[in-house]
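The structure under discussion appears below in the form of structure tokens.
Lettered A, B, C, D and E in written order, each chain numbered from 1.
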Amino acid sequence: MNRAWVTIFKRDILLALRRRSDVATTLFFFLIVASLFPLGIGPEPAVLSSIAPGVLWVAALLAGMLSLTRMFASDFSDGSLEQMLIAPQPLPMLVIAKVLAHWIVCGLPVVLLAPMIGLQYALPNDALLVLVLSLLLGTPALSLIGAIGAALTLGVRGSGLLIALLVLPLYIPVLIFGAGAVAASQHGMSAEAHLSLLAAFSLLSLVLAPFATAAALRISVE
Amino acid sequence: MNRAWVTIFKRDILLALRRRSDVATTLFFFLIVASLFPLGIGPEPAVLSSIAPGVLWVAALLAGMLSLTRMFASDFSDGSLEQMLIAPQPLPMLVIAKVLAHWIVCGLPVVLLAPMIGLQYALPNDALLVLVLSLLLGTPALSLIGAIGAALTLGVRGSGLLIALLVLPLYIPVLIFGAGAVAASQHGMSAEAHLSLLAAFSLLSLVLAPFATAAALRISVE
Amino acid sequence: MCIRGDRLLFRHIRFTLKPGGLLYVLGDNGSGKSSLLRLLCGLMQPESGSICWQGEQVKHVLEVFQANLLYIGHLNGLKEDLSPIENLQASMRLAGDHADKPDVLDALEAIGVGRCANLPVRVLSQGQKRRVALARLWLTERKLWILDEPFATLDSTSIDVLVARINHHLNNDGMAIITTHQDVAISAQSTQVLRLDI
Amino acid sequence: MCIRGDRLLFRHIRFTLKPGGLLYVLGDNGSGKSSLLRLLCGLMQPESGSICWQGEQVKHVLEVFQANLLYIGHLNGLKEDLSPIENLQASMRLAGDHADKPDVLDALEAIGVGRCANLPVRVLSQGQKRRVALARLWLTERKLWILDEPFATLDSTSIDVLVARINHHLNNDGMAIITTHQDVAISAQSTQVLRLDI
Amino acid sequence: MNINWFKYSSPQTFYPLAGRMIPWFAWAASIFAVIGLYISFFIAPTDFQQGEAYRIIFVHVPAAWMSMFIYMVMAGWAALGLSLNARLPAMMAQALAPTGAIFTLLALVTGSFWGKPMWGAWWVWDARLTSELILLFLYLGFIALQSSIDDPRKADKAGALLALVGVVNVPIIYFSVKWWNTLHQGSTISMGAAPKMVTTMLLGMLLMALAFWMYTIAVALMRVRCIMLERERASDWVKERSLSAGGNA
């Protein structure tokens, strides 16, 4: 079973490498959204840095969410999802493999790019550090929860927006703790509480989400 | 040719009615994204109303952009796009029909909902009015320009993000004028200049975009 | 109507199709049949060589040519969310001719999917979808039919129905270009076979 | 292995397949062949009735059953961006058995798409894609093959190759369940035909 | 109770039963509503600091309570349907969702109508308000998902799963929102300034809550009957019904 797990993981990474544009696009989307706000709001550094945590986290959240549609869609349409379902392997494992690959392809780059953009928003260094940490702890939860939405909306026309509708409300705690962490360190408070809550949330979803996703997949392939 | 134009238009509207959820989702996406920011940024009315124009416009822009993927995707995958291309009709006309339908389904509702959300951001009434006007003048341009991106990215896996990448830069002028208009009226200045610029931009794209889109369609179907 | 050489997959192909004429494009998988048909429809441009319609180069008289063309590729061109009737009506009007409900129903009956006329296409089986797409053959008078593997996934009865329809079309001076892997008997005044080898 | 009645499309179906046995599922378009196969694989649950594998209900011994199963639906399950080799290796490992490059190449050669072994699947023709998917038949020893219209869009030569392969499988006490609209001659120790009517 | 449900859990037995129950609940709803409204508008004392405007809470508060309660009930049905793979519970869940969404909306609207005189603003990002808004999103997600999957069996299961996921998250969301709100203390207005609950007020609210409750049951039953007819139109008992109905007409 272990090998199947690795196979799925490797295959998805390979696919992503074949289509580097995908990796790039998540990143650029994050970048563009984040840089749209100064255009809409105006350049005052004070205002910007005060809204920076919220804006950056929302941008990261949207970028992650947009890439969700791709998590299972192609497997579904070309029939390799059927093959996954009838494989003699525990499905949740395979799901974890796919989610991990998805996070490495779509989540990690955003985490790494975030500080650059944080600079544009005139964030102090320690705040930048906290930003990266919070994203590192939070984005896995986003991918894991998102997987449920992606699985539920398989084969539904216009699933992109439907996913948003299903998933964004569930993302709110992550958003609150994540942005909260950055804001706290901005105001010179300790961000530990926020970060540990984030970590807890990610762990919880790591335990529960794969099973929900597996169930959802079986439902929508039927 | 006129009849073909009407046919496409009617058919798309009909499709939208079949899947009311599509219309709804664009709307709710707008709603949700707009309500995410306070959670990230904090509830102070002063701050919120100061960033309201930017946030609302960016939200509207993202909602419109997300719905773009659907504009041609299904026609492409089920082959009815091929049929459109070999139809003895001027393609740009058909494109306009599709874009119009798309705007009515995805753009108009957002315009109508915007004031409610403006209230949540504690916008004064006249600013609300300007917000609606600016959206009414600006969103058609978004749909028209978006169509080009949608056409170019047909058949590309994960086109959602790619579209974002292609289209958002072109959206920036609309964003600036639109948000600018609202901000202006917030600060008690007249928004006429911004609004007329928006209108001009929409007209321009109405003249040019359909041809670009038609060309793009031919390319990506070949 | 004539074609001259295209390099990509095949070169020095050349044929002329007369009214009532049928052209079989045969060849193993990957020999370029579908590609050839897409060239003929103007969905792709040939690397070199030209495609003519009544002496004129197609790309110059595109509108006229397309007004005489009916192409059904291996994609069916059906909207999953619409019923067969709605699908056919839309695609007919799009193609520039009119079709009202009874006619469409008759066409669907003719090819034996009348039962499904009002279901969303999504729930139809492979073969049923194919048949809905092919129902257009009963609705238009186009001179030239270009059909890419029309018989695949069809059951024997509907194959017979389809063959009968094509015969009728050819006997009224229609023209048809067809690719297939099954051998079906179509009686045409002049049947040509074009073999593409890899 | 046995099935008892399912109401949705068909009811009171019942059959048993012995080693070396072949089951043709025939029927017009929309009679429920594909649905039946999906039931058998456990991709759908029967509304009522049960499916047994060696006396055990499949849903109780799912892993065992699936370890003996090879299902190829009308979707090919290929990644357009990967080459046939990569695709096959991935799907083999996923299915739990190992396949190294030479074996995969041989399989592809066997069904005559060795030429395309390293192209991205995207550019292959319909039939070539189908053949790549079918190459898995050369790579596994699964007791039960479930194939949904394996012959559609294949050219005659590859049909013969495929038939030979299936025969070989059956003669080694394999079992196969096949839907098709073309009539092909497969020699099995015991051939059953299941007709579904609408 | 459960026994009953199992006995009646097959549509053709439940359909007529529901038909017989609806009028009772409908009547109960209207009676409770009349009394409740009478108490809340004529008996309950005018609040000295808030004037008459406060009487909105007689609609607002029960609506808010219902909105949360119904979601739990819905999830319960969903879970039951998923575990038993039975049709009726899934239908109940589907039938409850719109009512829940409506009550949520009612709470939001009445709340904001009250907010205008109270806080001088239609909306403030108070914890309770915000979580109510999110609850609305959860309802909408459920409805949107079910309406965009056409195979009813699939839609049931998908919806059920979503409802369960939602239920797991609701407390987390509520907690996090409260926390977020307390972090930004000072700027927000708490709803604590509400008038002391006089017993008559409490009575009024409880009566209104009961009325909403009955209303919910009645409407849910009606909707379930429609869903049944729609789902089971192929089945014999529906055909018979329609025939007999045709005969009567």
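Everything below uses one rule, namely that a contact is a pair of C-beta atoms (placed from the backbone, for glycine too) under 8 Å apart; a residue touches a chain by one contact, two chains touch by 3 or more.
Values in this document were obtained by computation on a predicted structure and should not be read as measured data.
Distance from chain B peaks, on a Cα-centroid basis, for D.
In this assembly, C is the chain whose CA centroid lies farthest from the centroid of chain E.
Interface comparison, A-E versus B-E: the higher count of C-beta contacts falls to A-E.
Rounded to a whole number, the gap between the C-alpha centres of chain B and chain D is 46 angstrom. Between chain A and chain D the centroid-to-centroid distance comes to 37 Å (mean Cα coordinates, whole Å). Centroid to centroid, with C-alpha atoms defining each point, chain C and chain D lie 30 Å apart. Touching two or more other chains at once are residues 137, 140, 144, 148, 177, 180, 183 of chain E.
Residue positions 80-81 of chain C each touch two or more of the other chains.
Each of residues 19, 21-22, 25, 28, 32, 39, 42, 74, 157 in chain B touches at least two other chains.
Of all the residues in chain B, the ones that touch chain A in their complex are 19, 21-22, 25-26, 28-29, 32-33, 36-37, 39-42, 47, 50-51, 53-55, 57-58, 61-62, 66-67, 69-70, 74, 156-158, 160-162, 164-165, 168-169, 172, 175-176, 179, 183.
Against chain B, the residues of chain E that register as touching in their complex are 112, 121-126, 130, 133, 137, 140, 144, 147-148, 177, 180-181, 183-184, 187-188. On the chain A side of its complex with chain E, the touching residues are 148, 152-153, 156-158, 162, 165-166, 168-170, 172-173, 176-177, 180, 183, 197, 201, 208, 212, 215-216, 219-220, 222. Across the interface of their complex, chain A is touched by residues 134, 137-138, 140-141, 144-145, 148-149, 153-154, 157-158, 161-162, 164-166, 168-169, 172-173, 175-177, 179-180, 183 of chain E. For chain B in complex with chain E, the residues that touch the partner chain are 19-22, 24-25, 28, 31-32, 35, 38-39, 42-45, 48, 119-120, 122.
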